[in-house]
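Dumping the structure here so I can ask a few things about it.
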Amino acid sequence: MRKNPFKTFPDAPKPLSFSVTRRVRFEEVDALGIVWHGRYPSYFEDVREALGDRYGIGYLDFFREKVAAPLRQLHFEYLKPLSLRENFTIKAKLHWSEAARINLTYEIINEKGELTTSGYSVQMMLDYPEKSVLMVPPPFFQAFLKCWQENFIPDDHHE
Amino acid sequence: MRKNPFKTFPDAPKPLSFSVTRRVRFEEVDALGIVWHGRYPSYFEDVREALGDRYGIGYLDFFREKVAAPLRQLHFEYLKPLSLRENFTIKAKLHWSEAARINLTYEIINEKGELTTSGYSVQMMLDYPEKSVLMVPPPFFQAFLKCWQENFIPDDHHE
Amino acid sequence: MRKNPFKTFPDAPKPLSFSVTRRVRFEEVDALGIVWHGRYPSYFEDVREALGDRYGIGYLDFFREKVAAPLRQLHFEYLKPLSLRENFTIKAKLHWSEAARINLTYEIINEKGELTTSGYSVQMMLDYPEKSVLMVPPPFFQAFLKCWQENFIPDDHHE
Amino acid sequence: MRKNPFKTFPDAPKPLSFSVTRRVRFEEVDALGIVWHGRYPSYFEDVREALGDRYGIGYLDFFREKVAAPLRQLHFEYLKPLSLRENFTIKAKLHWSEAARINLTYEIINEKGELTTSGYSVQMMLDYPEKSVLMVPPPFFQAFLKCWQENFIPDDHHE
């Protein structure tokens, strides 16, 4: 997977990032003792929620504006397994887009510092409950984009 | 577990029963190769939905009347494990109650005919969305009870 | 549910307790916006694992001795719902038993301090992989019981 | 998504296909009443298992040869939602590869015949439990490939 699978914009501000830590739970591993591949949407969602909360663009912020932001694409690259009770870090990076989209890349890092999983997601925006696709983001999100572009949003998690 | 953990009524009609079959899925087993105990609510729900559909008392029937029927109690007895790809039958029995309750017992039977799991659930009825507890069932459920008491409801699955 | 659904022993030491906090995740709620009843085994497992780690009697401690400790009974009482993103505390209490059993009671407390859910579990002990039921606990567990009985195990979470 | 995201081979035999039907379960929908995106790995796994069984290349066939076939890539395109209790068909197509890979594309079709979801997966093959990557498939899989190439494998589900 390329580092950034999305359309790039020449004057885009730097991505905003966030990370959470988590430990493999007993119920998440399969008969081989490794995390079942189908648990990873939950891992990505954890960091996506945390990033949304951190920057004021979480799904509750969208709901308040009667906008839903469902996933349109989701992609996983499984490089190494995670095992029973292993600790790991899930990192997300929000990439600039001029469309009404939320473009994120993800990385999972194990205790040894190895990249075990990468991926990306694309979310679109829908009027709720009418469910028509928005061409431009709702006002609060446009305000967020403006602040981001003007570098007023600190990315404390930037590497 | 007693066969019937509920309050019994002297002139109660016979229980109504239903069963569904299912196979253990890869994602349901744990590191020991047996179904993780926390998957069983899903197994019980499968037969509960099927029984509800069969007798016209499913959760969509309740929703139509603006009544929710959430679980108040749920109990499992794990007697034997279920393993990867094993086929099994989930049986439910609906027990007569004069209260606004849905009282069910469950049995899971493996391919050898052995009882692997038993349990029960109690559901109460709530006005939705007000969420006040109903003292008497909604009219459609009372009509169902009347038909059941008068033996007009065939129990094709009765053993 | 009685506070302690288990057989009691006259000279039993006080229960040992532990608690963890957690927040309702988006994927855990159902179409009514409340946690689906079938997610609660996972909540109870979280605190059971944490308590096992705290007192040195976790499932990895058992595995090391080639003993499995599967659930034999699991019971839930659903008193109030938990909603999207609500924070809650899951408490577990380990109750004294002279049999080769692990007897736990559980309580979930919401942000307002209300009891939303209670329950209990009973685990038995099996030789692994032979799967014969143990009549006496493995040596490390007996040592743990002795220390508990002699009051050498501090219960920092005792209320 | 392109119809076939994989490397193509000039003299490849036609893909082999299979499909299963399923109904949305109560526990699979989210607070908006639609299937949570993270349930779809399970949907794809259902048809992948069924296709594996049908053609004798399921994970149990691999296990017998001490080979594991874990996912290396997994991709979803969410086009339309699936709602509570909706019936749907999950189709998989196995695409020819000369490498030790299993390349599948997926489509989910709702009751109206609309494509709601598409995706693909790539599996690699590992010696088990050594976990070294296989450069050539195990003998039983090579035999399967030969039969497929010589058109001895009927594709009853071909559209």
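Chains: A, B, C and D, in written order; residue numbering restarts at 1 for each.
FYI, contacts are C-beta pairs under 8 Å (C-beta built on N, C-alpha and C of every residue); 3 or more make two chains touch, one makes a residue touch a chain.
Quick caveat, the model's predicted, so the values are computed rather than measured.
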Chain C against chain B, contact positions shared by both copies (same if over half, else different): same
Listed pair (B-C, A-D or A-C) duplicating the B-D contact set, over half by residue number: A-C
Centre-to-centre distance between chain C and chain A (centres being mean Cα positions), rounded to whole Å: 34
Gap in Å, rounded to a whole number, between the CA centres of chain C and chain B: 26
Whole-Å gap separating chain C and chain D, where each centre is the average of the chain's CA atoms: 39
In chain C, residues with contacts to at least two other chains: 26-27, 38, 42, 45
Contact set on chain D toward chain C in their complex: 26-27, 29-31, 33, 36, 38, 84
Complex contact set, residues of chain A against chain C: 25-27, 42, 45-46, 49, 59-60, 85
Of chain B, residues touching chain C in the complex: 32, 34, 37-38, 40-42, 45, 68, 70-78, 81, 128
